[in-house]
């Protein structure tokens, strides 16, 4: 850390900070500049120390030097993590596609879609059984019955089931049916949930919160990794900005940025990321071109009749074409999809 | 709802939408304009219908007319809700102040602060026992031991304890000690938690998520109200924007906006809202001038030694002065603090 | 327009709005719903009327139905506009690349880069002569001398010069040297400048302001189109959000959105859009995959010695590789680059 | 500046940066930490150097220590700047109020409003003659005729005229009539305009751009100050965020922040800052409580008939009440209004 003192900070104030640094088990190093003094604090400590110094008298700001996450960092593990489960392989030169409806609505619906997305080349089947809905008056999902239907679809197709878990006490139930546990954007900082998922032996798909910075996103992953689950996939699904022509703003530069920062695979969700069916395929293609390791896409046999989020669901025909187009981009970047 | 058709939408497409509207139990009303046709959908339905129509062929957009929340709305209940518990009274002409440390750190610390903030005129004592922390390597709170210390402080001072609950399974535990259950900003859309708080008989302080719109905020409150708990206080604590000179951006216009929209009382948190001790008092004063019903403020006897968020905590002396200044503003707006 | 009345608006208030609508030369149409009344205002008028109605007593909000721009809209002109000047062709199946330094710094520098980017396949040469700089203490550009050097580079290479114009009184000077007049992001709503560019016979490259909505962006283009210049290219260069790991957030969904909304070609600037050299090539590739008609990229022979923005400039070698990779993506989407 | 090297940066890379630092006329100072090396660069230089170092091989980031502005800074001038012209006094213990219509629309309108706002206690009269409008189809102002009417209003009332100047070539014209030159939010980074205003001997009111950081805002002021005009007032008028219940988000924490950072007076515009007449008075009161030195507010005798922005204009009666209420807050904070 670098402690920047205010202009005109007294000798005494500088000395006080030096003592605080040493109490924290760090080495200090004073640098006297033309207009102000800065003090370097050297050592292993990553947390708490910044705050302790920030409030010292005469301190203007404290600049951290080290990233606050460890296990997620490429500084700790250089080779990319690959997640493989049933028909789904995500990472390195393999792009995995997870597709399906927003919600499981009926046996017919989920079995039909499963077959369709399987034929188009998807390796995973998405579908909400427990649905976090903005309004308490909206459809809340089929719950365990939905999980059973997903399992039936998996048995028929071999697709890996990817479904959301909303509360720590549901983790073991969901894990009985799902291949991948999804932590939704609204729950990115639900720490008891992250820890419960961390104790589970199924891979996790962690969605970025709509106002999460990269540090916060990677620290949320760190909760899962630290608890013991090493198979974490990060999912960029759009952030909240002033833009009003899309539901969220999908910032694809996170893909190459994260590849430089973490070994975890990056999945992109162009359905929530845009909120408009007509923008999903171009953004799926762009995500592959930017280096995404996976895609998660909403598909519905009849979007007009979907119980949730129909406006962003692709029809089966559009999804098939999207797969054809994405495969061309994958080839262009030297990967398989 | 108003369904706006694309320019050049066919007669058939218009007819199809009309049929869909009637299937949804609504009446339809076609308006043929110079450049496009719009269809009004009239009736009681608030949810699902919008999505069902949005995906129709030839539809450009669907404009909702009614607010999606009901019980939180001034359309349903006009007179302001007042929350009163122990020494804390929030709403109408009474401004309640909740003050205390970010985290409970020790018996001495919490008892000392409780005494100090009580003397300065606070009616509630804040203090985290279960702490949601961005990093898994940060201090996570004293948990139940912290709750016991808070209860001891309450017994000595009569202050109402306001403390965060992070998981549904902790609600009954926290409610044994606390007067007010706080739902943190990270958990604003943790629906199982909102429902658990809704089943509790203690008032709730619901913090706005840093990227929540007013609709989302009020719908989160609606989850608690609908489950049965009518004593909900809304807390504005800052939103995430591009601004980098404060930790969050504190948008005080939410205060008069919410007073026009909902009967629930509005509390402002200038500590998280700015993230800088030197900005807390002016923003507390501004909040009172804008019509806030309550304040929640971080105070620490020795901010430099705080285990969390010391940089935004007031010293006892600054807090006392803030109370004096806020009281003058309260008088100027015809309220008591 | 749809005028939504407040719940409980009086018969008299509704009547008053109906009269106002008719005074504005529009037809009115009352729709009485279950909870409130809405009034449709039908006719050609696009401006002023909304505001006039919005302030009426008993009015809750006014919802516009028509897009506020005309000449930029695909409703007016369906076939895509193609801009062609010297070696640069942008639009339809041709992707044009504009590359070069942030600023013209010296004769050697600009001639060397021009040669390099030409060889790599660029059709346009960028380079600032008049530089808008955040700080008055930063290098402000070589001004007319810089334009002369750009013209020399054009003579040697045949590249189309793309350079910024900052004030209406400079338009004729810059147009003497440049093939394309760039209006910078800071000037997107500098209306005297837009009109001066509108009177010029050179194509314009209009950069999106970092907090401009799509309506504002297209209305800025409308200023140029309306004044008489039909050759306008829109440039997405990133928006300001809370993200701090990139200089701006580059929202590529604007590319397909704009293709659905306007006939004008869309150029993407991954250099400003990310602000980090290591993210430029992946985002250039993603832009092509999303359907961009052009790219504008900063390249410098020795980024470390650049007088401005070196941190986001590509070295010639990286730029050459980027061109190879983008060409593969272009082929995958059926275009030429 | 602090240059943070990547983990594993070579001895050679460190040496190269040290040499670059010395070439830039700065002293270097190497600090070897546990995980990485940082190099302090010490000396007077404020600009360019950061960029030059940022691109060096092995460099992770460069952290600036000094603020980039000088003349605006409290480090250079401690005592607050007070701006006084005709009946308007802004700064220190005096709160000045500037009120009037969005646009000058007619002789009757402007003379009537001038009289009204004068009687209510305003010291300045606002009113647009040259209007920057998002759409080219909107009313663009009465131009010079509007200025003449403003001058007539000033002659009758003694109010200081505050009006916008949109282009460098209009500065001398506008300065003939106005007491204060307003630079609009869209032009905050129109540098030729800032310099033209800097050469003028009339005070300037510089509005914050809707996505400007504090550094950018203060650097824009620095352009005016550096060119020679020391009487600059900063105007907070709201920023663009995801919030959709107000036109902009009005972040009042900028008021105390700027008071700590600059000696220039701070004016708040609650009309643009909220875009809703019903929120203007509470936010004006909040601004005074937060320490604002001035207010600029839109008032119209008949908002429903305003040619622009009627939805955010106060009626004379509401404005009078706002003045009464703001005066009470001013007294509470020890100031005069």
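Should a chain be cited, it is by its letter among A, B, C and D, assigned in written order, with residues numbered from 1 in that chain.
We take it that a residue touches a chain if its C-beta (ideal position, glycine included) is under 8 Å from a C-beta of that chain, and two chains touch if they have at least 3 such contacts.
The structure displayed is predicted, hence computed values, not measured ones.
Colleague: Which chain pair is joined by more contacting C-beta pairs, A-D or C-D?
Modeller: Of C-D and A-D, it is C-D that has more C-beta pairs in contact.
Colleague: Among all chains, whose Cα centre is located farthest from the one for chain D?
Modeller: The most distant chain relative to chain D turns out to be A.
Colleague: Could you put a whole-Å number on the gap between the CA centroids of chain A and chain C?
Modeller: Comparing mean C-alpha positions, chain C is 31 Å from chain A.
Colleague: Quick check: how many Å separate the C-alpha centres of chain C and chain D?
Modeller: 26
Colleague: Per the centroid of Cα atoms for each chain, what is the distance between chain A and chain D, given in Å?
Modeller: Those two chain centres are 38 Å apart.
Colleague: Check each residue of chain B and list the ones that touch at least two other chains.
Modeller: 211, 239-242, 244
Colleague: Enumerate the contact residues on chain D facing chain B in the complex.
Modeller: So the residues of chain D touching chain B come out as 211, 213-214, 239, 241-246, 249-257, 260, 273-274, 276, 278-279, 282-283, 285-291, 325, 328-329, 331-333.
Colleague: For the complex, which residues does chain D have touching chain A?
Modeller: Going through chain D, the ones touching chain A are 2, 4, 7, 29, 31-36, 38, 40, 42-44, 63, 65-66, 75, 240-242, 244.
Colleague: Spell out the residues on chain D that touch chain C in their complex, using ranges where they run on.
Modeller: Against chain C, the touching part of chain D is residues 20, 46-48, 51-52, 54-56, 68-69, 132-139, 166-169, 186-187, 189-192, 209-211, 215-216, 219, 222-223, 226, 239-240, 277, 303-311, 313.
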